[in-house]
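The structure that follows is given in the form of structure tokens.
We call the chains A, B and C, going by the order they appear; numbering starts again at 1 in every chain.
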Amino acid sequence: MIELQGLTKRFGSKTAVDDLSFQVRPGVVTGFLGPNGAGKSTTMRMALGLDHPTSGSVRIDGRHYRELDEPLKYIGALLEARGLHGGRTAYNNLLCLAQSNRIPESRVTEVLELVGLSAVTRKKPKGFSMGMGQRLGIAAALLGNPQILMFDEPVNGLDPEGIHWIRNLMKTLAAEGRTIFVSSHLMSEMALTADHLIVIGQGRLLADTSMADFIHRNSRSYVRLRSPQRERLLDALHGAGLTAVEAGDGTLEVDGATAEQVGDLAARHGITLHELSAQRASLEEAFMRMTAATVEYHAHSATVPQWSKEV
Amino acid sequence: MASAPAVLRSEWTKIRTVSSTVWTLASALVVTVAMGAALSALVRETFDEMPAVERATFDATVVSFSGMLLGQLAMVVFGVLVVGTEYSTGMIRTSLAAVPQRAAFLFSKIAVAGVLALLVGLATAFLSFFLGQALLGEHRTDLGEENVLRAVVGGGLYMGLMAVFSMGVAAMLRSTVLSLGILVPFFFLVSQILSAVPKAKEVAEYFPDQAGSTIMQVVPGALGSDPAPYSPWGGMGIMLLWVAAALAGGYLVLKRRDA
Amino acid sequence: MIEAVGLTKRYGAKTAVYNLSFQVRPGTVTGFLGPNGSGKSTTMRMILGLDRPTSGHVTIGGHPYRQLPNAPRQVGALLDAKAVHGGRSARSHLLSLAQLAGIPARRVDEVLGVVGLQDVARKRSSGFSLGMGQRLGIAAALLGDPQVLLFDEPVNGLDPEGILWVRNLMKALAAEGRTVFVSSHLMSEMALTAEHLIVIGRGQLMADMSVKDFISANSADFARVRTPQTEPAQREKLMGVLAEAGGQVMSEPDGALRVAGLPLPRISDLAHDADVRLWELSPHQASLEEAYMRLTQGAVDYRSTTDQRAGLMQQPDPMGYAPAQQVVVPEVPQQGWYAPPPPGQNPYAGAPQPGAQPQPPQQQQRPYQAPPAAAPPAPAAPPAPAAAPADLSKSEDAR
């Protein structure tokens, strides 16, 4: 369990994190979302005792990070910037971490195997690709078999196999009752991984809610229909006081009713449906709606302005 | 608190598993011994051509330590790299996440690296001394002579403390490049030049390297230099104050600043 | 239009790209996929004339890159976001590129506006975040208003707003009739962006087809069917009817049915004839990721394994879908990453249950004290990656 209370961090006149209070609970994957510069990394660094809060506190299982005895056994973290020595072999990088927290040396081999780096344990990370460096960082986080894991942008640089693996790893760790706190910019990825969301913007808490709830509240949900008896279906919907919007590919979209209601309605009228599916907007869409006001760098439009060819 | 033996062990692993440790310490030893030997041999050949004042204050120990001026730079590089690479590689975040008690982290690191530097320094001093004396021929001195053992042990201590001082500075500056950019020119140029300028010399005498190196003189005002206004051990004390100040500064920076 | 014919690149004994032939057509976004070290970046570099092919050739609009008249006006590329002189401002970086290609200075401000960097145009790019560097790289690619655009991992480091923007930008560029060729590791992102795919593995072409065909060819589609929860009898009845008609029916954890092998209208008709009301009848396509994983198995250099001893990965997927997927496509060989829980007892069966408070430290050390011999036998071992040793130090992104 990670617990933030009134956490605030100012750099000069800029407030990076502003009175943030929330809890990250065990047993689920908690996603940590926010636009660039929202204060996600700063918050994670304060949780690890790397940055000093201007005010407020972060507690790990009720204690400040610095009060933890052999902290790697409580909490493992992968921070965005590479945190290992490029000139020391992968194995030795982990060995010195293990020794400082009295973790047996055999665990080093174990985690290197776990992340798929067995073949390069004696190589130096400076020759590693970004994905391999990321795997080594994940190995370091898992070293102490901690109950709490924090990952900042874990899929950065990983290839598809690696992305799939880290996603399942996080879910499995959460299912074992561990606390998993993960930040990412990839909404499509987050939608597949997280159960709970904490969203911040300009250092402030915007949402602390379950994934389903977040999408439900921040976007439109509708029922998509496809039927060979289109006209009859439209009449039936109209009769029930529902409005259907025609989508491009011959489907109908109905707002304000559940799939169950529409299904029953069609059955009552003996209308054949070739599709009846409840549609939810994507996490991305929901996120965009919520954070629209807090984005720092806005790209203007998706189109390239005409360039008058006067050269 | 993290267990102290565990942290020391971890820091020892860190030091022994990077190649820079070997090449900095090896060059400290090789450069100092080789240059000392070369100058000792040269002095034996040219002793009679030396100015009378230098012959009068001839100090065979100091001659055999001539290589230290260059060799100490390798020690400075070693000290800077031990602390600086934590910052340049980003390892500092991982290290502090593993050992959040910053004093324990910093002083374990400096203790391990300092002891290693001291041992290499002592080996360097004794090797330089014996090889240098062998090459000085009839002008040689002996460990049994008065103050010679103090000078040789002091030479080793000096080398070790130069490394520790550099560690403190690197912890204050949090950057390998910046620390090297300041320390190397300072010890190699600024300190040497100022010590030759009449007025500035009175200040330069209290620089860590100038003060610390007096312990290596068996004859006060060796080789025609001006005698220092403090005793050999007094000079070592001044150097220790510098080292303590650098370490305190380094610790305060580490404690106060965000990693 | 980009056209590669028999493209081959060897580095010493290692063949990075072998006999690659493909076309990237204008008007669509073409995705370029492959595991790490499969030769994607090498191929992109050969397209741009940075690396010379050992044999074969690649042309843009019929010319090799080096022979293109005024190449920057015809081809724009984002290869490595960090390939910018950090001491220069974003604007002067672009200005120097523009001057080289004879592009008016006004265009520089234009593209800075397009990528949203106009406010930091005069700041040194060394202070830029990865995402801002990426935007600058995209601005440079757009500078010459080129007809052909190459992007290598364009969303790296971008925030959600930036990712959405890049996706829409690429689609818009393609819709204007330009050729857009983009590599990415993010399957979920690629599925939203690309219409056409070129997949390589170990330097060889593995697929060149539309995203839709790719998914269909490499996975099984299915329909999700739900009947009213209040009437379990209807569900049983429907299951029987569907199975009789030749569908493969499975149950999902929430009570819905997963039906493969029958088109949706047929399911609808069968339900209608059986007088079963439906509460859901939705088409499901497997994800691009799943299809991709099936295709590229065996072409992966670094494969993660399951944590055998510490008991980190020995519980079933909490979603409960993984076993179902295996039944849907029984012909797919067992993969390491779909590994089911191994048989045998978890030695750390006392591991905390979801919702439990973390254990005190003494207990946390327990997994290490357990002798490794007590670990359960390994699940079906993943196929050996058999990576050549040369791969290890020369993985794609490291170059």
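The working rule: a residue touches a chain if its C-beta (ideal position, glycine included) is under 8 Å from a C-beta of that chain, and two chains touch if they have at least 3 such contacts.
All values derive from a computational prediction rather than experimental measurement.
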{"item": "Far-end chain from subunit C, centres as C-alpha averages", "value": "B"}
{"item": "Pair sharing more residue contacts (C-beta pairs) when A-C is set against A-B", "value": "A-C"}
{"item": "Whole-Å gap separating subunit B and subunit C, where each centre is the average of the chain's CA atoms", "value": "55"}
{"item": "Approximate Å spacing (C-alpha centroids) for the pair subunit A, subunit C", "value": "17"}
{"item": "Whole-Å gap between the CA centroids of subunit A and subunit B", "value": "51"}
{"item": "Residues of subunit A touching at least two other chains", "value": "69-70"}
{"item": "Sites on subunit A touched by subunit B in the complex", "value": "45, 48-52, 65-66, 68-72, 77, 79, 81-89, 92, 95-102, 140"}
{"item": "Residues of subunit C touching subunit A in the complex", "value": "33, 35-36, 102-104, 107, 110, 113-117, 119-120, 129, 131-132, 135, 142, 145, 155-165, 168-169, 171-173, 176, 185-189, 191-192, 224, 226, 228, 264-265, 268-269, 272, 277-283, 289, 292-293, 296, 300, 302-313, 315, 317-319, 337, 351-359, 361, 364-365, 367-368, 372, 387, 392-393, 395-398"}
{"item": "Interfacial residue positions of subunit A with respect to subunit C in the complex", "value": "1, 25-28, 33, 35-36, 61, 69-70, 73-74, 103-104, 106-107, 110-111, 113-120, 123, 127-132, 135, 142, 144-148, 155-165, 168-169, 171-179, 185-189, 192, 224, 226, 228, 259-260, 263-264, 266-267, 270, 272-278, 284, 287-288, 291, 295, 297-305, 307, 310-311"}
{"item": "Contacting residues of subunit B [partner subunit A, same complex]", "value": "1-3, 6-7, 9-11, 13-14, 17-20, 85, 89-101, 256, 258-259"}
